[in-house]
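Structures follow.
Same chain, two partners: chain A is paired with chain B first, then with chain C.
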Partner chain A sequence: MKSVQFKVVSRLDGDAAVIYPKGYLNNLSGESLVLECGMYIGKGITKIVVNFGETDLINSIGISLLLQIIEDLKNIKGTICFTNMSKFLRDTFEMLGLMQHMTVFPLESDALQYLKAGTV
Partner chain B sequence: MPFNTIPAEDFLNRVNELDYLRGLSVLKGNALGGNVFLEGARGIGKTELLKQLYRLLFWEDHVVPFYYSFKTANLKGTYFAKDYFTKFVRQYISFARKEPSLADSAAEPLQRLMPAISSLGLYWLIDCIEDFQEHVNKNDVYWQIVAAISAPVVAAQKSGKPVIVMLDDFDAAEHLYEASLGDAHGLISLFGESLKNNLCPHVMTGSAGALEAIFTDHSLIGMTEQMRLGPLPEDLATALFKAHLANLKITSAPDEPLQFLGILRGNPLYIRNLAKAAWKMQKRELHENDLIECYGFEVSEGETAFYWSSVFSRYVPSPAARKAMLKLLMYSVENGGIEDGDRLSMVSGLSGAETGAILETMASAGFIRDRDPVFQDFIHCLYMKEVEGRKADDAREKIESKYSSKREESCFELVIPMSSNAELVVAKAVEQIGRNMNLDSEFLNHLQLALIEVCINAMEHSGSYEKKVFLKFITRPDNLRIIIENSGRPFSLDSRTDVPVEEKLRLGVKRGWGFKLVNAIMDGVKIERVNDRTRVILTKEIKNKEALT
Partner chain C sequence: MSIELKKALYNISALADLGQEITSANNFHEKIKSVFYVITGTFLANKGAILFYDKSTKKLNTLTQKGFSPDELDCVQSAELMSLGKNEPYFIGDGSVLKVAGAEILVPLWVRDEFIGVLLLSGKLTAGPYTPEDIELLNVIANQIAVALNNHSLFMDLSDKLEENRRLYEEMRHIYHGTLQAFAAAIDAKDAYTQNHSHRVAKYSAAIARELGWNEHDIEGIYVAGYLHDVGKLAISNALLNKVTPFTPEELAEVKKHSTLSHTITAKIKFPWKNVEDMVWHHHERLDGHGYPEALAHESLSDGVRILSLADSFDAMTSQRPYRKKMDVQTAIVELRKCLDSQFDNKIMLVFCKVLDKEIKGELPEPDILPHLDRDSDLSIISSLLEGIIVELSSPKN
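Right after this comes the complex of A and B.
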């Protein structure tokens, strides 16, 4: 576990937003992630990639906030992809039976390609 | 038997106490001190201190020592009076003639001592004996007791030489009776005059908390100071143990620190008994494992077990009460106390009033207060034998396996506030603990997650005013146990229903993943309610793939 202060960094790649949550994803940080996604949704962006490459720990509240984002995107018929997940994160989502309800790619580039072409 | 004592060189770490008591007669003569009530755990050396003081004063000449033990005394008034009086006279003459054997020779009748008394010119003592005999002839129990108790005062006044009166297990005097048990309450108060006399300082021992109970006259409490005897420091405890071993021709392995001795908490009685157990078990060279083996024997059927069993019998003579007390003590050992008042009658199997009386006895006997691990192990063994009907060998094995596995055990404790991100401190702690255990990082991440979930559950839902979470990590090479406790609202897994993920997502239920994760990660998740606290016990077996090779 690294001692990284949580922060959310994001960028636009074409018509998709790529979001980088860094550090420990809990209630406080999860809310800033929800806000960041909400900001893009407010701007009409319906394709979002969440890159977990620098997320080292997550708790159940962080998970519930991710589900919130998935639901928000679903409501506007948007798409959300998750990439660069560590084995720990993948296992955690597996344990909860959530993996089959998420669109997951190994790399951010795979997700962007999918969103552009509609396929991998 | 005041001279039945260990050599002065083996009597460690009591120099200050001995010096203070030695000067007590001067302090009392100058109205600067009075009487001393010696307090301390059983076996800590109160009796031994009295005997060492006795021996010291005996060979000096300015204070006459008198030692009387109530431990083995017959408490029927006439027997007690005769015994007390005779012992005093014998010890007085023994002191005057500097003949220790006289003090210990119980068989010698007083009449035979008359020539010795005359030769010493102690004619007042002859008067004293005759007065006492007159009370006996008149069958006057009350005056026999008064005459016996006053004998040291009379001696001090007639001779001008102070008499220091040492009363061992003095609280037992509360049960003095005339003809049948309980027929004469308050005979102990007859010691009042003797205690007030400025030529007779008294040093008393007894169970903790007994002082207020035995003195109805509060002025006596005011002139009695308490002196607490603490345990021997670790290094001296080891030195004493090794000295006993040397006397028994047993060596200890030079490269082993005998860490297990720590469980005896510097108690000289336990230390001596353990050394004797090694001798009985024919050990020649002692290793750490041998210590555990000898200890298992000691608390299940050795001298320590016998000692505690006798103390037990003294406080609870009836078999039914003994069994009930045993159940309550076992409950206390397992739960770290007996605060949960409502359940105690269920535990003891007796009525509330009977249970209350037993609890009172337990408190006055000091059985719970000290949290002595040796006593707790003894209780465990006795419980197995007398309540579960198991053999002494089973109890011994249980104790041995408990400590054999504990040797490889490490324990860490941590308290965190219920504040934002405090659970990360726990995550950091478990990370380092895991590294110490050589666990791989991915496995550790899951452990961290499980702990974080339990902590945030406590923080979010307990409503605790204490606002603290207490954690204890117990690690063994093949197992990790984490105990998380917090006060506040009870929490139970029973109230949780496992809703399928699809259903949860369909209903928009986003919370409630925490204990699902904890259950998936850990091998064991147990939730208990102990008094006002919720205790979550997480266990994880460490398999090869989870440890780095």
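Right after this comes the complex of A and C.
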């Protein structure tokens, strides 16, 4: 699989952190996504939105990293939402049976609205 | 596409990821971490560990893990695991084989008859069971990581042996150099006026060779030749070496034997460096063929001989002798300059001047010549003198 330099940017939106992984989530550089989430969790943020708009591909390494993020949020009774997923990502998560363990929205704005409504 | 087909493709892709990570150029730690992510991502395990069996301590050490208690992992005993099937996944069940909270399945890792370690996984995040397909895949993965870990173990064994050999070699080198220095001290002790002469000649020669661009091995060789160049003096009487009045022709002939004696002694030693015996034998030869013991000239004299000859003469001139006072550094340099073509080589003289000038100007981190020169020397005058000779010897006609 061709490698694309993976990077992560993020912003705060109210009491939620929005994280934008960019590139393929398929090697150790994906750990920066876990670290970014960990950084917000360390600051007391319990609501995280991961916008996959610029992540088309994921492999077993990426899945493992996402499991870690899901686990980290579960441990602090927080909420993680995944948005803007490509068909490949959705199909992969569905096939693995992960969709039941994720809160998924088509768009980032939907997730933020959901988190602001406090229906967590 | 059916869900089973998609899952099969995902598993094949995971195997490809595993192969890619195992054969990647990453270091071992990164490799194991990536392999671990591939495994936990493939089986959706939120806890897992890879333990590596240390043959020398007969203990399992955690290479990487997430979610398990480190203390419990430390207590995992290898004996029970070694009785299980090689690379065959084993459901832990009641925990009689292993007591690590959350561990659901283990795979003892083997390569042929060698126990390598163990892979531990928790249940799946999705709470689904490990299917027969999962077990088959886990068996294939276990085989692959066992080979990767075994290769690393072999590599580490080799590295340890290499390191041990390197350490022994360094120890031998220290002993070797210590012996040489003892020899040199014995040579110099015969003559109160030439104390540390061998040491200085070794230092000066090495400095010139380094400036000439010699490799470290050859520099060490000429350093050793510098130490041993006068070893033949051990066979010359103290009375003769310390004689204050000029030598008679017979006495001079006797003293001149020392370079051949040096050769005779050093030729018996199997040096790891080339030409040490040649350098000590011919350090009194001259370019014009009027030196001794073989009256060799020009092409017959190697760069090593030419370096040693100049270094020896420079130190002899700047040292006190029973029959004359020592020269100051400028006078000695001028004397060397006068003897170019007849005795000393232009190229070697140029390099000697360059290295000494650099040392005076503080351009070299560890000076080899300067610390041994007369402390009263006016370094600015010496530097000007050296600069003039450097310009002269660098001109095209030279």
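Simple rule for what comes next: the second predicted complex is superposed on the first by the 113 of 120 C-alpha atoms of A that agree within 3 Å, B and C clash if a C-alpha of one lies under 4 Å from a C-alpha of the other, contacts with A are read in each partner's own complex, and residues count from 1 in each chain.
Note that in this section a contact is a pair of C-beta atoms (placed from the backbone, for glycine too) under 8 Å apart; a residue touches a chain by one contact, two chains touch by 3 or more.
None of these values were measured; they are calculated from a predicted model.
Enquirer: Clash or fit: what happens to chain B and chain C when chain A is overlaid?
Expert: Aligned on chain A, chain B and chain C clash with each other.
Enquirer: Taking the superposition on A as described, I'd like to know which of chain B and chain C A:67 touches: first, second, both or neither.
Expert: both
Enquirer: Could you say whether A:24 touches chain B, chain C, both of them, or neither, answering first, second, both or neither?
Expert: first
Enquirer: Have a look at where A:92 lands relative to chain B and chain C in the superposition and call it first, second, both or neither.
Expert: Both: A:92 reaches chain B and chain C.
Enquirer: Touch test for A:101: chain B only (first), chain C only (second), both, or neither?
Expert: A:101: touches chain B and chain C.
Enquirer: With both complexes overlaid on chain A, does A:57 touch chain B (first), chain C (second), both or neither?
Expert: Only chain B; A:57 stays clear of chain C.
Enquirer: Superposing on chain A puts chain C and chain B in one frame; which of 60-68, 78-86, 132-140 or 330-338 is the clashing stretch?
Expert: It is 132-140.
Enquirer: Touching chain B and also chain C: which chain A residues?
Expert: Residues common to the chain A contacts of chain C and of chain B are 26, 28, 59-61, 63-65, 67-68, 71, 91-92, 95-98, 101, listed in rising order.
Enquirer: Touching chain B in the complex: which residues of chain A?
Expert: Checking each residue of chain A against chain B gives 1, 3, 24, 26, 28, 57-61, 63-65, 67-68, 71, 86-88, 91-92, 95-98, 101.
Enquirer: Quick check: in the complex, which residue numbers of chain A touch chain C?
Expert: Interface residues on chain A, with respect to chain C: 26-28, 59-65, 67-68, 70-71, 91-92, 95-98, 100-101.
Enquirer: Flag every residue of chain B that touches chain A in the complex, lowest number first.
Expert: Listed in rising order, the residues are 420-421, 423-424, 427-428, 431, 442, 444-446, 448-449, 452-453, 456, 500-501, 505, 508, 510-514, 516-517, 520-521.
Enquirer: Going by the contact rule at the top, pick out the chain C residues touching chain A in the complex.
Expert: Touch list, chain C to chain A: 3, 6-7, 10, 13-14, 17, 21, 26, 30, 33-34, 36-42, 44-46, 66-67, 125-126, 128.
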